[in-house]
Structure formats: structure tokens, C-alpha cells
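In the part that follows, the structures are each spelled out as C-alpha cells.
In the two complexes that follow, chain A is the common piece, with chain B as its partner first and chain C second.
Moving on to the complex of A and B:
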């Protein structure tokens, strides 16, 4: 029996999770929500995490009912992410490890998402689409590494959605992506947007500029003689609908190509954008056509959480990974394929 | 050129508490662009840290960041301590 405790706080979510051999004992999370039109900035986010982290830890310990002596290892997010929030979490994790005299283990955030997704859905060796506010990657496992088949060449898909939410000033509570999804359900008219798949990679920044022009023509074209009347403006619902349809189609396309390349019959969607039901629906249609199976999780596990770090840490710890104290630092850049996979994913040919 | 020097001396209630703060805080490198030299010294229950740099703004930033980390470390010890062992037994 191995119990691990995981701290996550690489972006605007702060979470603590406790897991025992794949059984979730506690999963507590808080989100730093900014006013409409504003994003979360590193300094303020770190401040939020500093305020909340100890309360969340206490709550997780109460919920899980584990005794401190039974916890085997303290895990935290080593990277990638914003430096100030990562550092806040690392400081708390290190102090806890020292006070309780437990080993410490830094976990790659992306690996956390993948392992969490595999645990919850029981997918064996899926092609993974990792979509969140900071990352967009298509990943498949091969030869002790999660290999990146395709990724964004500029901003992440979630960043594109978040920034569009700020442009049209919709609420960030519970998350901008969720609110866009709700508006998109009422959209009926499709406005064409650039479709930018570049081989296995994708790009979102051009789409964002284009949709900003459609949403705020006054701002985009100040010298325009003819004044645009409000009635002429596309509705927010239609814009959200058009944006989602376009970017999700791009994601489905590269995922399908990665599957064809690997001969894979499983798709796993992880990351915060992964709880978007329209994305799941579109991916499901593609999977059905290919006789593949789609795996996805709900917002408890899709969105950043402590459990994913605890579980990935569990996989690492039980297969012998240890970390020296002086290595318990953070790093903003930490690619998915930097991590040597020591646990069993699939039988390597 | 390292004109500006700030030394802060922090007494802790016990040697172990000071040791923990020392170990938790010392391992993060200063950002390279900051051009700050930071030196930690642990002497029983006293932790002292010296910041050296030639740009006042950078020294101030380094100091502010240090305080934020220190406060979190101390609060964590207060709420989840006292330490269960006199020394840390892992790697």
C-alpha cells in the first residue's frame, strides 16, 4: 500500500490530492477567478495560492482520513507552468516534506494529466490529446517516452478561448471555456475563420486575431467611414459557436492523423479544455468512423488537480524514481518527452 | 560591481525550524537576469541571508520574493509542525 500526496498549482488552480494505489482519497481544489475582461497574472496568482494552499491541505487531510505517518511521499508540480505559482507550491511541498520527514518527488504536469486520464478511464495505450490553457499537444507512447506528435506553434487552444472570452468580456467563473461552451450551444450561424493545421502542428493566434476583428470591428478599423451598427455585429453566441467548431475540427484532424500513424484505436482527451462536451462529441464522431474508442473525464479530473500529481508521483515512486533534495526545484520549461517513463504503459514491441 | 548589500538575520524558535527554512529556501537559484548573489548561512537557530547586486531594483525584488517564500515556509511550519524528526532522512 502506497499513499501519495500531490500538490498542483502551475496555473490559476491550486489543488491537493491524496491517493492510495489508484483509489482517490481526497481531491480538493480552488480556482483563482479574475473579473470579466481580465486574465490571471503570475504575481497575483501566486498570492492567491499562498493564501489558500494550507487550508486546502488541511481539508484534503480531513476528507481522506489518512494519518500523516501513512503517507509515503510528497509530490508537487515541478513544471511546466508559471514560475511564481509553481514556486509557491514547491515551497509549501518542501516544508511539508521536511516537517513530516517524507521523501519529495517533482512531477511533470503533462505526465500528471495523462496518467490521471489513464487511471480514471482505464484506457490502455491511447493516443492522447492534451488540451489546456497552456498546452496543446497530441501525444502517443513509444519506447519509454510519451512522444509529442503535434503541438501548437504559438498559443494553446485554451489560451485562445480564454483570450476570446476576455475580448467579449464574458465571465471567468467557473471558467471562461465553460461560458463560451454555453454560449456556443445557442449559436446557429457559422462565420468562416482561418483553419490553420500545419502538418501535425496547429496554430491559433491568427484565428484569435480574425475573430477579434469580427467581434470588435470598431477597434480593428478605427478609420472606417461607415459606422457599423450594432445590429450588423455578429452575436456572441454565433462567434463562440464558430470559434469552437473551427478549432475543435483542427484538433480532431491532427488527433486522427496521429492515430492512423500509430495504428491506435483509443483516444484519450485530457486537460482543462477536455471537459468541453462539444469537443468530446466531435472526437466521438471521428472515433466511431474509425472504430476507435474515446476516453474522456469530467471536470473533477480534466481540470488541473492535486490527484493527477499524486497519481503520477505514485507511478514514479512505486517504480523506483527518487529525487535528491537539491533537485526539488521548479522549471517553467519541462516537456512531456523529457520524462523517462519507468512504469508500464503498454508492452513495448 | 556589487555595490548594494543587504543582510537579514532571522532567529527561529528551534535549531530544527531554522534548518528546515534553510533547506527549503536555499535550493532555488536566483533568476539569471536578476544578477543577484544570494548567500545563506545557518548558525544553530539563526538563518542569515545576504543579497548582493549592483541594481537597487533587482535587490529589492529578490528581497521581496525571499520574504514571500519565507513567510509561507514559516506559516506551514506553524500550522503543520512541530517537525516530526530532528533531521531529514531522505537523499
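Moving on to the complex of A and C:
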């Protein structure tokens, strides 16, 4: 029996999770929500995490009913992410581990998402679509690593959505992506947008600038004589609808391309954007059309959380990975394929 | 024309064995993708069939070996083309060579692939999906030809950025698919530089595309 505790805080969520051999004992999380039109900045986000982290830890311990002496290892997100919040959480994790006299383990955030998705859905050896605010990757496992088959060549899909939410100033509560999804449900008219896939790679920056022009034509063309009347402008609902339909079609397409290339029959969607129901629906239809199976999770596990760090840490710890104190640092850029996989991932030929 | 059994389902299309003018051929059907909006599906399918048609013609004009195109049916979303019945994909061929640790054969393959990609680029042909699933190894008495296929994402551009991205896509797919052979891409670049006389600028742009990826922040 191995119990691990995980801290996550690489972006605007701060979470603590406790897990015992695949059984979730606690999963507590708080989000730093900024006003409409504003993104989260490193310093303020770190301050938010600093303020909340001990309260969340206390709550997680209470919910889990675990005694401190039974915890085997303290895990935290080593990267990738924003430096100040990463650092805040790493310092807290190190301090707690010292005080409680426990070993410490830094975990790759992306690996956390994948391993959590596999645990919850029981997907065996899936093609993984990892979609979040900072990452857009199509991943498959081979030869002791999660290999990146496709990736964004500019901005991440979640970043594209978040920035569009700021352009049209919609609420960031609970998340910009969630509110775009709700508006998109009411959209009916499709405005064509650039569609940009490059093999298994993908690009979003052209779409973002095009949709900005559609949403704010005055800003895009300052010399314009005739003012565009408000009723001539595309509605936010239709723009959100058009944006989602375009970028999700692109994501499904590159996932399918990777599946064909790798001969895979399973898809797992992870990361914050992965809880979008329209994306899940589209991916499901694609899977059906090629006799494949879709695996996805809901917001508890899709959106950044402490339990995914605790669980990936569990996989590492139980297969012998240990970290020296002077290695317990952070790194802003830490790629999915930097991590040597020491645990079993389905059929490894 | 008639179609017999479905052979395989690729990244976007279903492939059948068929007959065209009494000859065996391959039918590639870009079937309706119900996951995307019908209007988007229609535009994409049409543009991809067109791209495939145009680029195959361009390659033929430049003496680059590609499947012959017999017939295009936009309504049925089908392309009828030459079927390389005995060919295997470069992906399978590399797996085979990897098992037998045949380094000379790997060098030869890389040289052939690099030289064709160079020919594409010097002629402003962007393949758009350079993976080892989209290269066929067609054995003959003197060895084999490498035949590139799947031009649905191809385009025509003199831009070094487009060519650089094309190389980036190739590199990424080699690293991920053939992870225990990290030297494949560098080997391909040797012959690439020989056939693409304008490669210096393209490679510079390729390195920029790669660097952009490495510098990108990965928050969330």
C-alpha cells in the first residue's frame, strides 16, 4: 500500500490530491479567476497560490482521513508552467516534506494528465490528445517514452480560446473555455475561418487574428469611414460556434492522422480543453467511423489538479524513482518526451 | 468502374481495390466526416481532392515518381489511381531494416527520400504531410523506387517558411515514429541539400520553426 500526496500549481489552479494505489482519497482545487478581459499574470497567480495552498492541504487531509504518518511521498509539479507559481508550490512541497520527514518527487505536468486519464478511463495504449491552455500535443507511447507525434507550431488551443474570450470580454469564471462552450451552443451561423493543419501538426495563430477582425472590425481597420453598425456584427454566439467548430475539427483530424499512422484504436483526451463536450462528441464520431474507442474524463480530472500529480508520482515512486533534494527544482519548459517511463504502459513490443 | 474490397482506412480516406478501363486500380474515397459541419467537410474534401490532382500532375511534369491518376469524381469524393500492389510503406520498411540492423540499406533509403523531398521543394511543391506512412517502397529488379503518395494537404509555394514547416513535420514524424533511429533526418538532409539548390534559406527557416517550438511557454 503506497499513499502519495500531490501538489499542482503550474498555472492558475492550485490543487492538492491524495491517492492510495489508484484510489482517489482527496482532490481539492481552487482557481485564480481574473476579471473579464484580463488573463492571469505570473506574480498575482503565485500570490493566489501562496495564500490558498495551506488551506487546501488541510482540507485534503481532512477529506482523505489519511494520517500524515501513512503518507509515503510528497509529489509536486516540476514543470512545465509559469515560473513564479511553480516555484511557490515547489517551495511549499519541499517545506512540508522536510517538516513531515518524507521523500520528495517532482512530476512532469503533462505526464500527470496522461497517467490520470489512463487510470480513470482504463484506456490501455491510446493515442492521446493533450489539449490545455499551454499545450496542444498528439502523443503515443513507444519505447519507454510518450512520443509527440503532432504539436502546435505556434500557440496552444486553450490559449487561442482564452485570448478570444478576452477579445470579446466574456467571463473567466469558471473558465473562459467553459463560457465559450456555452455561447457556442446557441450559435447557428458558421463563419469560415482559416483551417491550418500540417500533417500531424497544427497552427492557431492565423485563426485568432482572423476571428479578432470579425469580432472587432473597427479595431482591425481604423481608417474605415463608415462605422459598422452593431447589428451587422457577427454575434458572440456565432463566433464562438465558428471558432469551436473549426479548431475542434482540426484537432480531431490530427488525432485521426496519428491513429492511422500508428495503427491505434483508442483515443484518450486529456487537459483542460478536453472536458469540452462538443470536442468529446466530435472525437466520438470520428472514433466510431474507424471502429475505435474514445476515452475522456470530466472536469474533476481533466482540469489541472493535485491528484494527477499524486498519481503520476505514485507510478514513479512504486517503480523505484527517487529524487535528491538538490534535484527538487522547477523548470518552465519540460517536455512530455523528456520523461523516461519506468512503469508499465500496456503492450511494449 | 467497379470496386471490390476495402483495403484499409488511412488518415482521411477509405481505400478500395477497383477497376478502371479494365485495369486494376486503387480507389481512394474521402468519405463524409460526420464529426465536422457539412459545409466545412465539403470545402475541405474538395480542396484536398484538387490538391492531390494538381500536385500529382506537377510531380509528373518534373519527373518525380507518383501514382498515375486515372479519374477524379468530385461527387463521389473518389480518386482512381495506380495501385502499387506489392509496395510496402517506408515505415514498415524501416522497421524491417531496424530489426536486421542493416545500416547501409538505411543510408540508401534516407538518401533516396531526402533527394525526392529536395526535388519537391526546388519545384515549390509542399507535400504537407511528410511521414513514412506516405512513402511507398516499390521493389523492382534493380532494387526499389520510393514513391510519395497522399497529396491532400499539399500546396504550391515558393516560400521558405512553408518549406521549412514541411521539413519540420518530417523531422517530428521521424523522431516520434522511429525513435530508436535518431539519425534518419540528418541523413536525409544530406541528399536534400544536393537536389534543393536553394536549401540554405529553407533550412534556416526550418531551424527557426523548431526554435519557436522550443521557446514556446507551456502554461496550463
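Definition applied: the second predicted complex is superposed on the first by the 349 of 349 C-alpha atoms of A that agree within 3 Å, B and C clash if a C-alpha of one lies under 4 Å from a C-alpha of the other, contacts with A are read in each partner's own complex, and residues count from 1 in each chain.
What we mean here is this: a contact is a pair of C-beta atoms (placed from the backbone, for glycine too) under 8 Å apart; a residue touches a chain by one contact, two chains touch by 3 or more.
Predicted model only: the values in this text are computed from it and were never measured.
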- prompt: Touch check for A:216: first (chain B), second (chain C), both, or neither?
  reply: neither
Message: Quick check on the superposed pair: does A:245 touch chain B, chain C, both, or neither? Answer first, second, both or neither.
response: second
- prompt: Is A:11 contacted by the first partner chain B, the second partner chain C, both or neither?
  reply: second
Message: Can you tell me whether chain B or chain C touches more residues on chain A?
response: C
- request: For A:134, select first, second, both or neither according to whether it touches chain B, chain C, the two together, or no partner.
  value: second
- prompt: Given the touch rule stated above, what does A:66 touch, chain B (first), chain C (second), both, or neither?
  reply: neither
- prompt: So, A:143: does it touch chain B (first), chain C (second), both, or neither?
  reply: second
- prompt: Is A:257 in contact with chain B, with chain C, with both, or with neither (first, second, both, neither)?
  reply: second
Message: Contacts for A:33 in the overlay, against chain B (first) and chain C (second): which applies, first, second, both or neither?
response: neither
Residues of chain A contacting chain B in one complex and chain C in the other: none
- request: Would you tell me which residues of chain A are touching chain B in their complex?
  value: 46, 50, 53-54, 57-58, 68, 87-88, 90-92, 94-104, 322-326, 328-330
Task: Sort out for me which residues of chain B touch chain A in the complex.
output: 20, 23-25, 27-29, 68-69, 71-73, 75-77, 79-85, 88-91
Residue ranges of chain C in contact with chain A within the complex: 9-12, 31, 33-37, 39-40, 43-44, 91, 128-131, 133, 153, 165-166, 168-169, 172-173, 175-177, 179-180, 209, 212-214, 216-220
Message: Looking at the complex, which residues from chain A come into contact with chain C?
response: 10-12, 79-82, 132-135, 140, 142-143, 145, 147-156, 158-159, 190, 192, 195, 197-201, 245-246, 249, 252-253, 256-257, 259-262, 271-272, 281-286, 289-290, 304, 332-334
